[in-house]
Amino acid sequence: MNFAFTDTQLEFRDAVRQVLAKECTTDAVRAAFDAPAARTALTPRWATLADLGVTGLVVPEAHGGFGLGLVDLVPLLEEAGRVALPEPLAETSALAASLLADLDAAGTADARIGPWLESIAGGTLTVAVADGRRPGLPVAGANSADLLLLVADGPDGPEIHGVDAGSITVTPVPSLDPTRRLGIPVWEPSPDTVLVSGAHAVAGINRTADRAAVAVGAELLGLADSMITVSAEYAKDRQQFGKPIGAFQAVKHLLAGAQVLLEFARPVTYGAAWALDEGSPDASRAASVAKAYASDAATEAARVSLQVHGAIGYTWECDLHLFLKRTWALSEAWGSAGDHRARILDSLLVED
Amino acid sequence: MNFAFTDTQLEFRDAVRQVLAKECTTDAVRAAFDAPAARTALTPRWATLADLGVTGLVVPEAHGGFGLGLVDLVPLLEEAGRVALPEPLAETSALAASLLADLDAAGTADARIGPWLESIAGGTLTVAVADGRRPGLPVAGANSADLLLLVADGPDGPEIHGVDAGSITVTPVPSLDPTRRLGIPVWEPSPDTVLVSGAHAVAGINRTADRAAVAVGAELLGLADSMITVSAEYAKDRQQFGKPIGAFQAVKHLLAGAQVLLEFARPVTYGAAWALDEGSPDASRAASVAKAYASDAATEAARVSLQVHGAIGYTWECDLHLFLKRTWALSEAWGSAGDHRARILDSLLVED
Amino acid sequence: MDRPMDLHYTDAQEAFREEARAWLSAHAPAPRSLPSLDTADGFEAHRAWEAELAADRWSVVSWPEEFGGRGVGILEWLVFEEEYWRAQAPLRVSQNGVFLLAPTMFEFGTDAQKERFLPPMASAQEIWCQGWSEPDAGSDLAGIRSRARRSDDEGGWVLSGQKTWASRGAFAEWCFGLFRTDPEAERHRGLTYFLIDMATPGVTVRPIPQIDGETGFAELFFEDVFVPDDLVLGEVGKGWNVAMATAGSERGLSLRSPARYSRAADRLVALYAERLASDPERARRSGDAVAQAWMDAEAYRLNTLWTATRVLAGGSVGAEASANKIHWSQTDLAIHRAALDLLGPEAEFHGDGIDAPWLDGFLFALAGPIYAGTNEIQRNVVAERMLGLPRG
Amino acid sequence: MDRPMDLHYTDAQEAFREEARAWLSAHAPAPRSLPSLDTADGFEAHRAWEAELAADRWSVVSWPEEFGGRGVGILEWLVFEEEYWRAQAPLRVSQNGVFLLAPTMFEFGTDAQKERFLPPMASAQEIWCQGWSEPDAGSDLAGIRSRARRSDDEGGWVLSGQKTWASRGAFAEWCFGLFRTDPEAERHRGLTYFLIDMATPGVTVRPIPQIDGETGFAELFFEDVFVPDDLVLGEVGKGWNVAMATAGSERGLSLRSPARYSRAADRLVALYAERLASDPERARRSGDAVAQAWMDAEAYRLNTLWTATRVLAGGSVGAEASANKIHWSQTDLAIHRAALDLLGPEAEFHGDGIDAPWLDGFLFALAGPIYAGTNEIQRNVVAERMLGLPRG
């Protein structure tokens, strides 16, 4: 039993935090808000993340990455959430890279997989990944990614396809948070695009959903932390009735309640990442616990932060809304807290 | 539109409040707690209520009552809740008397109905009423009532029976609140005991359940008001950190939240009583809204009151627990808040 | 009063309802067909709609006929609101004036003021915004610092300072606001209630875009703005008392009519029924929340009728207004949260051709626990005035 | 530390688990077979059970062997607790001493004190109660008024005053408590931590029946009670610092082991499965709450392992202890509320031959947000120490 990140992991996280504090300011996030139709996410910031090794963290070493796992990536996803990073780090580097690495490890003969992995590690390829359990929905990032990993029904059940975004049309779907770059891919599955089918495809879809729960959960932790921190700072500064509003018990208890939720959401999320890397039998349930906790912690942090900010927080000028909107979108993405609680209950009954 | 009690109703309520403040002190409630197996509820206090006309309020004038409705009784049931009256006012005077009065009005030939109604008005008969929608459960008051109104399956569907408690065995079932006097009647339905069958019985069972939701809801309003009032008083007196704990925002907001729920539970309950008296098409749903609101308001008042009292409230010596226990028992009786919300939703969908 | 309880509307009230329903059915624009009232075009479109309402005396039914109303009571107003929301008619661009200023003006205004201001308010010729909060006086309104300096020569006051969160402030013709006329006085004392023509030299308006990107409110800057004596509402130095009457009516009965929530709750039930067919598992998980939200709206309706009856019998609305405000703001959020839960992954879809009334409604509802006195302040009021708890 | 994250217990820890499980399976009384520890008979039955635990060195596994423990670490203690709760073994009558006093004594006690007191504490020969709160010092512990007067002649202190809410106080042999040794000092200063033999002349005990009718705690009266110098724990006048170490451990890791809630959550899931068969509609309505309660217990388990790893690496538990206390007290209530909702009309059944563990557990859980520092106080601590918000 050793439930902690390594010093190396923590040092890397701190380095990434420093870089993002500089390169992903709220002004930068606002710029992404204002350019929702941008065709690519290949910003200089993304190149920096690639240079640091972040984008290829789980890419096998043979393809230019570090060959690490979700446990290594989770602290960085938390940092991405903390600054509301507009680029698709979870989709590209946690979901797509892990899925492609699985296919690579399973010896899938597809010649495109290696180069894709290399491009992910090199920071020249971003990927959107469809939630195979929810067919027909717009895909996050589809409106800006280079590669789409999509699901279609084939003769042997579901198939996972790799589709070059440049070769098809993507119909944009506006989101509350424009950086989500939602889109509906208009495409026809073909033997040329199929990557895996049958039982392996089902396993890939399920593993991807579990990883997404944890990866998005980690982003939500960072968002929650940011919102609570900025609100506590505001509460120390803002004076009403002759003292800082943070001295009022009502304000204290709002923020304390959100902080307690966040404190408990953290180990839950880290433990789920470990369970997925480890292939534990209850990894899927652990992933659901992580997403449910993280979604609830972040939506509560959002509610409380807006209340503490008051009318200021309701304005476009205040940065808070950038975090609120990302939180609301991500809390429903890849399953809401309620969806995951239903999954948890099902799995507990099966076990019984 | 005139949504208010009449001056007469309010004056009568005030008179009853005065009497109960004297005759139903917390010492008196404790005495009833300590004598859970008492065979009858015919206390001097019950005789006083009969003298005042409370027990026979809905009994037809021809049988010695006032021939009034649930709207008239609701403010008095609220007073009963306020003092945690141990006698079965809701069961005897709201449920049994109304049901028997309905049968009387429908011209049911049973010769016992008139005398029963007269005895209710006279204060010499208490009644326990089974929830016909939940067969097999212990009946509140069965362990002390003179008459039991029970439900059995007959050849034409459900039947309502009137059973002399003295003629059968009642197996006591201990409750969290001993004054509930729960018991399982051991009896055989016979043609001698049947009061009504078929569609009329079904209607009687449903109307009784609706009246119970409102009557018990009214008791819960009184309980909630008592708990909030006593807790606010305690919060004004109890000093910590050099000031009354009621000056702390955390304590204020706990009590304010409960008070807001109570404020809204009141008109909801009064409106439901009116709808039942009026025979409005949505009376059943209104009764469910009343019980759901009153249950939630009272359980929140209970939670908050215990928290405000702290350890003192957790002792047997403090009167608070008398109210807490009655609240917890009544909040589940005749349908919990969740049960009633499910009924409300069903009825809304039917309407749609 | 010894009339028995009766929750039926009278025949006359039902006839009034029929008349309103018929008129709205003939005149109301199609639901959500006007552009947002937070845009310049939308503002004018809403103004035009209210002029149409006013032409047939439906804009301020409870006002006396001389000012453009029908002289009906509060129950008839509630009936009208039920029909207005049932018809899904547009939001009221004149609501600050009609619901916040007008009750105060009826109580404190001179005859000349009423004659001058009420008719164009009723017809939406003149739209009012509220100059209440300041950057450093939000929850703590008594901390107002904007000042009015006496000018005996000119026969009036010279205003300076800054106001914020003025809804409709970007487009309004008039502003009502509180300024400190006695610089020596502290907190609630020495404030005066002014009516200010926004076209007066020295008034600058800075629109503030909201969380949804629209310009719901504005910041107002006053630099030596002259206001003549006849535009003081109520007594000089008694602005706090005058203002509190308005605050009471804002949080009390008149700003948020129950019909608004009843209508939203009915739409929620319809959404539930639809999703019960298309996504039954998710829908069932939301059943309890849907029922609770519907109940909350129903409780608000009943509580309003209960309070209205009391007010008609000569009673007043005190701290109950605070309980009311907590309840409606929570109800509005509960309705919209339940809807977004039902929508699940579709909840984030927004704008540009996608009709997202639930998301828009959610963003609007978010402001509820904040404006018109935060819910924290309201809970203090409930605790101190209804339960007698000591001030902090 | 650069060992990679690993949530498996080591082979040695698993072997320790097997040993504990085997011993408990052979020795633990049948679940709920002992009378309540709040009765005289039950108290002695629990004492006897703990003596049996101690005889095979299972009562205080994390203590050094010389005092009756096994010298194992916190992770092994957590493993032992998992097995203890899995076996549904009795509640620990010695918990005040073992979990609250002992950590303090290990840190501040003299060798003589440790040798004198720890072994009989481990074997439950001597049971301790806590003399902390006073009638006017509950949440505000610094308001303690009980005094200790110096007696140089006798070489000790003379205690007087009143303590309350002393769990186990009705039957305990010893008491640890805070008394004011410097009457001039205020608030946190001038307090001293005493170990008091309850048999000393001048000590009177008044048992206080609880909400469930049982005698869980007692009021203690001290009238000129002599305590010799060697029964002062830590420095004279520094009792607050000594006491706070105990308070930290109470709210932190050691009092409420995760296994307690994991076990209750598993029982809740079993109840849900049972009701899903017998009353599916009601059960389904509780599904979300059941899953949430189970998750809350699981989060508590993971957070404890997370904190334990940090503590083993030399870290400390600060304000996180307050977050912890809020979480476990809420989790305990959430588990029991969900169970009572599932039971519906059966929830009120109680006692006299009816086995009502859920209702009993609910009544017990109700105290959670109150004792060991109310949750309101804990939220202040989280806000002030984790988020840096200013004191009121």
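Letters are used for the chains, namely A, B, C and D, taken in the order the chains are written, and counting of residues starts over at 1 for each.
Heads up, the rule we're going with is that a contact is a pair of C-beta atoms (placed from the backbone, for glycine too) under 8 Å apart; a residue touches a chain by one contact, two chains touch by 3 or more.
What you are looking at is a predicted structure, and each value in this text was computed from that prediction instead of being measured.
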{"item": "Contact-richer chain pair (by C-beta pairs counted) among A-C and B-C", "value": "B-C"}
{"item": "Chain separated most widely from subunit C, comparing mean CA positions", "value": "D"}
{"item": "Inter-centroid spacing, subunit D versus subunit A (mean Cα positions, whole Å)", "value": "40"}
{"item": "Between subunit A and subunit B, centroid-to-centroid distance (C-alpha), Å", "value": "53"}
{"item": "Junction residues of subunit B - those touching two or more other chains", "value": "248-251, 253, 338, 342"}
{"item": "Residue numbers of subunit D (touch at least two other chains)", "value": "285, 287-288, 376, 379"}
{"item": "For the subunit D and subunit C complex, residues of the former touching the latter", "value": "284-285, 287-288"}
{"item": "Residue numbers on subunit B that touch subunit D, as the complex places them", "value": "131, 134, 137-138, 173-177, 180, 182, 239-241, 245, 248, 250-251, 306-307, 310-311, 313-317, 321, 324, 328-329, 332-333, 336, 338-339, 342"}
{"item": "Residues on subunit A engaged by subunit D in the complex (per definition of touch)", "value": "1-8, 71, 228-229, 232, 235-236, 243-244, 246-249, 251-253, 255-257, 259-260, 263-268, 270-271, 274-275, 278, 289, 292-293, 338, 341-342, 344-345, 348-349, 352"}
{"item": "Subunit A-facing residues of subunit D, complex", "value": "1-10, 13, 75, 269-270, 272-273, 276, 287-288, 290-292, 294-296, 298-300, 302-303, 305-306, 308-310, 313, 320, 323, 326-327, 376, 378-380, 382-384, 386-392"}
{"item": "Subunit D residues within the subunit B interface of the complex", "value": "133, 136-140, 143, 164-165, 208-211, 213, 281-282, 285-286, 340-341, 344-354, 359, 366-367, 369-371, 374-376, 379"}
